[in-house]
Amino acid sequence: MFFHRQELQHQAKPDKPDAVFARKLQEVLGGQYGEITVAMQYGFQAWNTHLPGKYRDLLYGIGAEEFGHVEILATMIAQLLEKAPVGATEKAIQDDPTVAAIIGGMDVQHAIVAGAGARPVDSNGNPWSGAYVTASGNLLADFTANANAEMQGRLQVARLYHMTDDHGVKDLLGFLLARDTMHQNQWMAAAKELQEEGHELFPVPSNFPLANEDRDVSYQYINFSNGPLASEGSWASGPTPDGKGEFTYVAEPPAGVPMPPPTVPDPRLYGTSPVPNTAEKVTSKIKDVLHKD
Amino acid sequence: MFFHRQELQHQAKPDKPDAVFARKLQEVLGGQYGEITVAMQYGFQAWNTHLPGKYRDLLYGIGAEEFGHVEILATMIAQLLEKAPVGATEKAIQDDPTVAAIIGGMDVQHAIVAGAGARPVDSNGNPWSGAYVTASGNLLADFTANANAEMQGRLQVARLYHMTDDHGVKDLLGFLLARDTMHQNQWMAAAKELQEEGHELFPVPSNFPLANEDRDVSYQYINFSNGPLASEGSWASGPTPDGKGEFTYVAEPPAGVPMPPPTVPDPRLYGTSPVPNTAEKVTSKIKDVLHKD
Amino acid sequence: MFFHRQELQHQAKPDKPDAVFARKLQEVLGGQYGEITVAMQYGFQAWNTHLPGKYRDLLYGIGAEEFGHVEILATMIAQLLEKAPVGATEKAIQDDPTVAAIIGGMDVQHAIVAGAGARPVDSNGNPWSGAYVTASGNLLADFTANANAEMQGRLQVARLYHMTDDHGVKDLLGFLLARDTMHQNQWMAAAKELQEEGHELFPVPSNFPLANEDRDVSYQYINFSNGPLASEGSWASGPTPDGKGEFTYVAEPPAGVPMPPPTVPDPRLYGTSPVPNTAEKVTSKIKDVLHKD
Amino acid sequence: MFFHRQELQHQAKPDKPDAVFARKLQEVLGGQYGEITVAMQYGFQAWNTHLPGKYRDLLYGIGAEEFGHVEILATMIAQLLEKAPVGATEKAIQDDPTVAAIIGGMDVQHAIVAGAGARPVDSNGNPWSGAYVTASGNLLADFTANANAEMQGRLQVARLYHMTDDHGVKDLLGFLLARDTMHQNQWMAAAKELQEEGHELFPVPSNFPLANEDRDVSYQYINFSNGPLASEGSWASGPTPDGKGEFTYVAEPPAGVPMPPPTVPDPRLYGTSPVPNTAEKVTSKIKDVLHKD
Amino acid sequence: MFFHRQELQHQAKPDKPDAVFARKLQEVLGGQYGEITVAMQYGFQAWNTHLPGKYRDLLYGIGAEEFGHVEILATMIAQLLEKAPVGATEKAIQDDPTVAAIIGGMDVQHAIVAGAGARPVDSNGNPWSGAYVTASGNLLADFTANANAEMQGRLQVARLYHMTDDHGVKDLLGFLLARDTMHQNQWMAAAKELQEEGHELFPVPSNFPLANEDRDVSYQYINFSNGPLASEGSWASGPTPDGKGEFTYVAEPPAGVPMPPPTVPDPRLYGTSPVPNTAEKVTSKIKDVLHKD
Amino acid sequence: MFFHRQELQHQAKPDKPDAVFARKLQEVLGGQYGEITVAMQYGFQAWNTHLPGKYRDLLYGIGAEEFGHVEILATMIAQLLEKAPVGATEKAIQDDPTVAAIIGGMDVQHAIVAGAGARPVDSNGNPWSGAYVTASGNLLADFTANANAEMQGRLQVARLYHMTDDHGVKDLLGFLLARDTMHQNQWMAAAKELQEEGHELFPVPSNFPLANEDRDVSYQYINFSNGPLASEGSWASGPTPDGKGEFTYVAEPPAGVPMPPPTVPDPRLYGTSPVPNTAEKVTSKIKDVLHKD
């Protein structure tokens, strides 16, 4: 169960309206790595997890905070839009390049669709998508996904930090940056603990019997481009991070196997055939097929 | 530049047709974490990278291999479909439950749209989306995204491994599992090397001045759910993985700040107002606004 | 701020696994009118509203409940999937039509992607989309949207009720039906109160000056099909619900106005022109244009 | 069958070109609540309806009008674009801020993709989606959806009305506003008539046996936020609009039920397990499972 | 303006219900090349065209027919679903594999969402998308797109023809096949006429001054794969179809140019830099930048 | 297998940065008819083809070139963005209209998400979609799709050519225009050869027995609009391009057939019924149904 309290975890007061920045802020609200994504992702991971106890508590504990971040950003966006220049006409645009620029740079759906409100979309107006969520039931994979989400998220907030000089906005971004710092650290700690306790190891999934994979190529760097320098990395020689092998470098991919011949499916799919394939032949083939179909 | 050779990196010969498994295999071809995703992701990361040398060579070197994996899977799917029961009629379904089940379980667009061919979609028929790709220009974030992609990918292949008893298919899956093992290892090695060489550290982005973030909350676990066990994890006390702080545990979120009052945007957006807002009033307000607009 | 408590508002215990029904249940979790939609919709309406007080409290009060319903359904789906037949091979399908049918009828991503977990998608696997959300800032419009959402939602749950004979599932559906009954009633009451208090009237938006619309056609039923019976409805004669007019019936649409002539845009857009438009002519036109561009 | 006549229901002649407004107008052509949506929605409702007679005639009669509105808007957009500044180069942008603003504010696909033509997308360029359509077979629900669509549509047109000072455009918007006034009124009248004739009542669907729902919570307002004012609304006490109950107010949600324990699905899904789950154990479990699979 | 008549261009009466085939039929209603696509495509081409007269009349004349085809298919689908087995429970599935197969093979949203009605989606439930429409303002390109759409459409109907033995359905498919035959022929005739009248030639757009393109490579077949046989085609030697050149065959792509060095964007984008890029350095760089920003 | 060489087929060096043009260039990289589309389309056609030899070699040979074009455009976009004005603040926008215009006209995700890098999206930020790909297994249909794709692509590049005055960009566009000229020619040649060799004829699919279609209407132009001029085209009289018939012109569509009566599906779908359909009646009907269900 979720309970709501009419407070914000951190204040969200811009110094002044800024419809252009409101649009940009949509990225960290409703983008691929925005707050809706992490809120939903931690939720689904918690609901799908097979582990009771501290890991599940962690997912629930942070997930609910992220829903609060969705709210903070939506609130901030609504305020940045509160005095947006709605009535921009052709004349206004011609008279005042600044008005024109704001109209050009703002998300016009903020005005037309939401009446100066926030929307569940990214900074280009793409609606948030459930396809952004990762919740596989394998916690080492999912915690890595979470660490990535927090890195991408913090990176985007850091970029936004320099696109405004509004102290109220910067104050909120500074708070979000700090929480992303925390969450990056915490998913890395959790991924490490999961391994130390033996719940999961690399390569994920660690309980798949390795004998079933083609071990000959499990640690080969096979170079399909012509840059030789990748051979100098720690991924091309020496022990592998999973502790189970030794990297080798293969400068030229070995010869492959011939492609199988093109398929020849049922004539009733009317693909183009290698030999002239007249309607008469098809009719006759169909009759044959129908006898046994 | 990309060059194509009409060979496959590994053979792709199923023992027999299986339209239901062909559909499932679409997941690792055209799904969120399928081969199209990693091929495009490593490509865009290479094109966007700011680092010449071994890291870029690595991205190019593996990216091109992944395009070859797209091809292997497409080839396998076409063969699994080659003898799919196209002509399934109501009668056939009633007569033979197995035929019925295959029709029910297959991707019907395989027959209707592609004529027994592969498609750039996932196992539920959702078209592959550019929104699956992550390429931020920050390599530590992106290598973490890559490690996650290879984990999710290997996990899905491992699951598929038990959904077939076809030796040809299992042989290919065993190959793909091994390559995913390699790629998991290699992105982890690359992420480590990037830090050791000082290109990037945690928290990402490491060159954002930490003084700009709200350091008071950078290492606090704030518990927004009621499970107490998360306090026992390594993410709730002790040094933080980024080496810059100490985790603390906050069992109850501190009081927040009051929400700002609801916004009151321009009357010409026709939102619902706190006070009765008649057309007459709006007309009058509009007149006022127009004088200064 | 949102707080989470590790309890469910209502129990969610199926009698037995049922992967096919788990897929169907995704509709009311992640479909157009599923619980994610109403949770997010009431949230965005609250964040965008311009009215403090009871209406905003109402939006917050119900919105948080709906996030809890998302959780209940995700929990139920995970349990329905807990013993799903994962390892279905071609042989298993051939041997047991029931297994085959389950594979055919289930969402294969439940197994391959989520490892027997719930996903933010509908019953056909379409990811939940931010485009499902309506939050316009006009509360009479939005409460009508909410009433519709609760009607469509209750309708879908009612349909699902007859697609299972699992007592645990039916028990949960009976609870959701009752809550939808409540929410339908409450949005209708709120829409009525909004009008009685003069915040908003029909037609929405009621504060747009009616004199600006083409009042001649504000109450005409213009019949563009050939069925005469619509003339017998209360929408074709008598007073209009907004209390401002009288319906009239126009059996045949009056003659329209001629279409404007086709446009002739800039030659550099290379559209097909009415007169032969050679490269020479274009080159010459471009030169002319460039002089003034 | 649909027949087309080369006339427009209302004239669509802008005074002058305006590429920025052309983009905004796309919202009411191809947006969530644009004319394509209502045209298709009334069509699918008519094709899916189970009622012959006046209600179906109504759906057909208005649906065809809406296809004509699609045409009017497409025509208007093409004209607004006819003289759009196509050749905007870096130099032109630097020289003339107005040109720059137009480029910034226009939909660049209008020029690049459509050659100064209209497109089936919204004002942010999102393609129109079949997911916008509601056609459930339950007419009271669907008429409520239609009333909402007409309200949102009229609201958007009203907002657009103040974003231009072009008399030709305003003339068309005034016409569309009036038709939306009509259609709002008519769906409300139709919804009322449907109930008076006993086809459908609240709560929708009214023919679902109420005894199957959990009547204890059918009329409880359960407050999941901390705002007390919602208790003062007509939705918190007094008779319910469906005439079948009495609202009650529950200030604090009652204790819920404990969550069920986390699921433990088939080991071959390779989720993370509560206890260390080695490959050896999985192999052994798989052998056990295979004997009975 | 569009007018609707309550008749169908061809009868749409299945012999018996078939929910599985209803799902398949959705492909040619709401798929990439379904009737909604061609109806909307011809409409938008007509609204965007710059040519008055016979070409525009042709687009309008056929476009309206296609809207009628949307209606026929929706009607047929509703009838195929009329007696669909709604109440399929776990028990029913276990008892009767045929019921199970139908549930597995049907579009479950047909029942849950549309109450046995048609939907604007394809055979996998993907909503119809405005992105399927092509309307560029260049008629030779667009007529080629139309010819392709009619070919893909007829191909899909031909495939569907063998997936049913219902005479009523086959009767309708036979009608649609014939209309697709007509429309293929007509777009080919129109494309030819357009060229004969000099409105447009190959290569499209023919009025772009050829001197602006890199004529050295305008007719070279450059072989980027290792199959030598493409050299034997008419596309590798001899005169080109546009009548302006001679094909040549280049067996090996010539050496390319070196890639430009990786970009080094603004430090405030926090990408990973070639040299260790500390926060101190960034802070200092930012100060520098700010002085001139 | 694909191999990568770190060279570009053609140089990609802009004279100077231009973030606005970078956004526009995304259209031909990641739009409906951009390079990703043709690269993937020719790939899937090759993998799905049933013809060995020259046609398959052709598909592979060009497909790999197109992946190289993806790379060239991504490289160009990254360079155009290299010096994009990242730090645009409200003040900067107010001070300098040019900066404002650039911000308004650029794709803000270029900065926020990709850190001045290219993305797999179109010029409005819509992610590339697998739904853009056509690969049906019927080569005459697919080659027509390819010809269309190259026409639309060349048209878009021609339009872009006039939206910049950067010599480096124009140089690259001139190269792409020439390759599109080649590819248009080559797909037309291939389509012709396919017919001459008897693999496929019009109408596609040519091996579907014509007797199964409703030959009475195979060559009728039926005019559903009121423009009489279409009767003058070569598509309204004379021999048909497929050589199998004679066009006729039908000025007025013949009377259709009556629509079938509305469907009456299972009461448990809770649609709105023609007669008042009380819960009591439904309960009783359900009991009846259950006896036989």
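Quick notes
In this document, chain identifiers A, B, C, D, E and F correspond to the written order of the chains, with residue numbering beginning at 1 in each.
We adopt the following convention: a contact is a pair of C-beta atoms (placed from the backbone, for glycine too) under 8 Å apart; a residue touches a chain by one contact, two chains touch by 3 or more.
All values reported here derive from a predicted model rather than from experimental measurement.
The chain pair A-F and the chain pair A-E differ in C-beta contact count, and the higher one is A-F. Matching residue numbers shows that A-C is the pair in A-B, C-D or A-C whose interface repeats B-F, with more than half of the contact pairs in common. If each chain is reduced to the centroid of its CA atoms, chain A and chain D end up 26 Å from each other.
Inter-chain spacing, taken between the CA centroids of chain C and chain F, is 27 Å. Residue positions 1-9, 32, 53, 56-57, 60-61, 63-65, 68, 75, 78, 86-87, 97, 100-101, 103-105, 111, 113, 115-117, 121, 124-127, 129, 131, 136-138, 140, 155, 158-159, 162, 205, 208, 210, 224-225, 227, 253, 256, 263-265, 268-271 of chain F each touch two or more of the other chains.
Interface of chain A with chain C (complex): residues 1-9, 30, 36, 40, 43-44, 47-48, 57, 60-61, 63-65, 67-68, 70-71, 74-75, 78, 113-121, 127-131, 133, 135-138. On chain C, the positions that touch chain D within their shared complex are 5-13, 32, 53-58, 60-65, 68, 75, 78-79, 81-87, 92, 111, 115-117, 126, 129, 131-132, 134, 136, 138, 140-141, 144-145, 147-148, 151-152, 154-155, 158, 161, 170, 174-175, 177-182, 184-190, 192-193, 202-205, 208, 210, 212-225, 227-230, 232-235, 240-242, 245, 247, 253, 255-260, 263-266, 268-271, 289-290, 293. Within the complex formed with chain B, the chain C residues making contact are 1-6, 49-53, 56, 86-91, 93-94, 97, 100-101, 103-105, 107-109, 111-113, 115, 121, 124-127, 136-140, 194, 197-200, 205-210.
For chain A in complex with chain F, the residues that touch the partner chain are 16, 18, 20-21, 23-24, 27, 31-32, 97-98, 100-105, 122-126, 155-156, 159-160, 162-166, 224-227, 253, 256, 261-265, 267, 269-274, 276-279, 281-283. By the touch rule above, chain F contacts chain C in their complex via residues 155, 158-159, 162, 268-270, 286.
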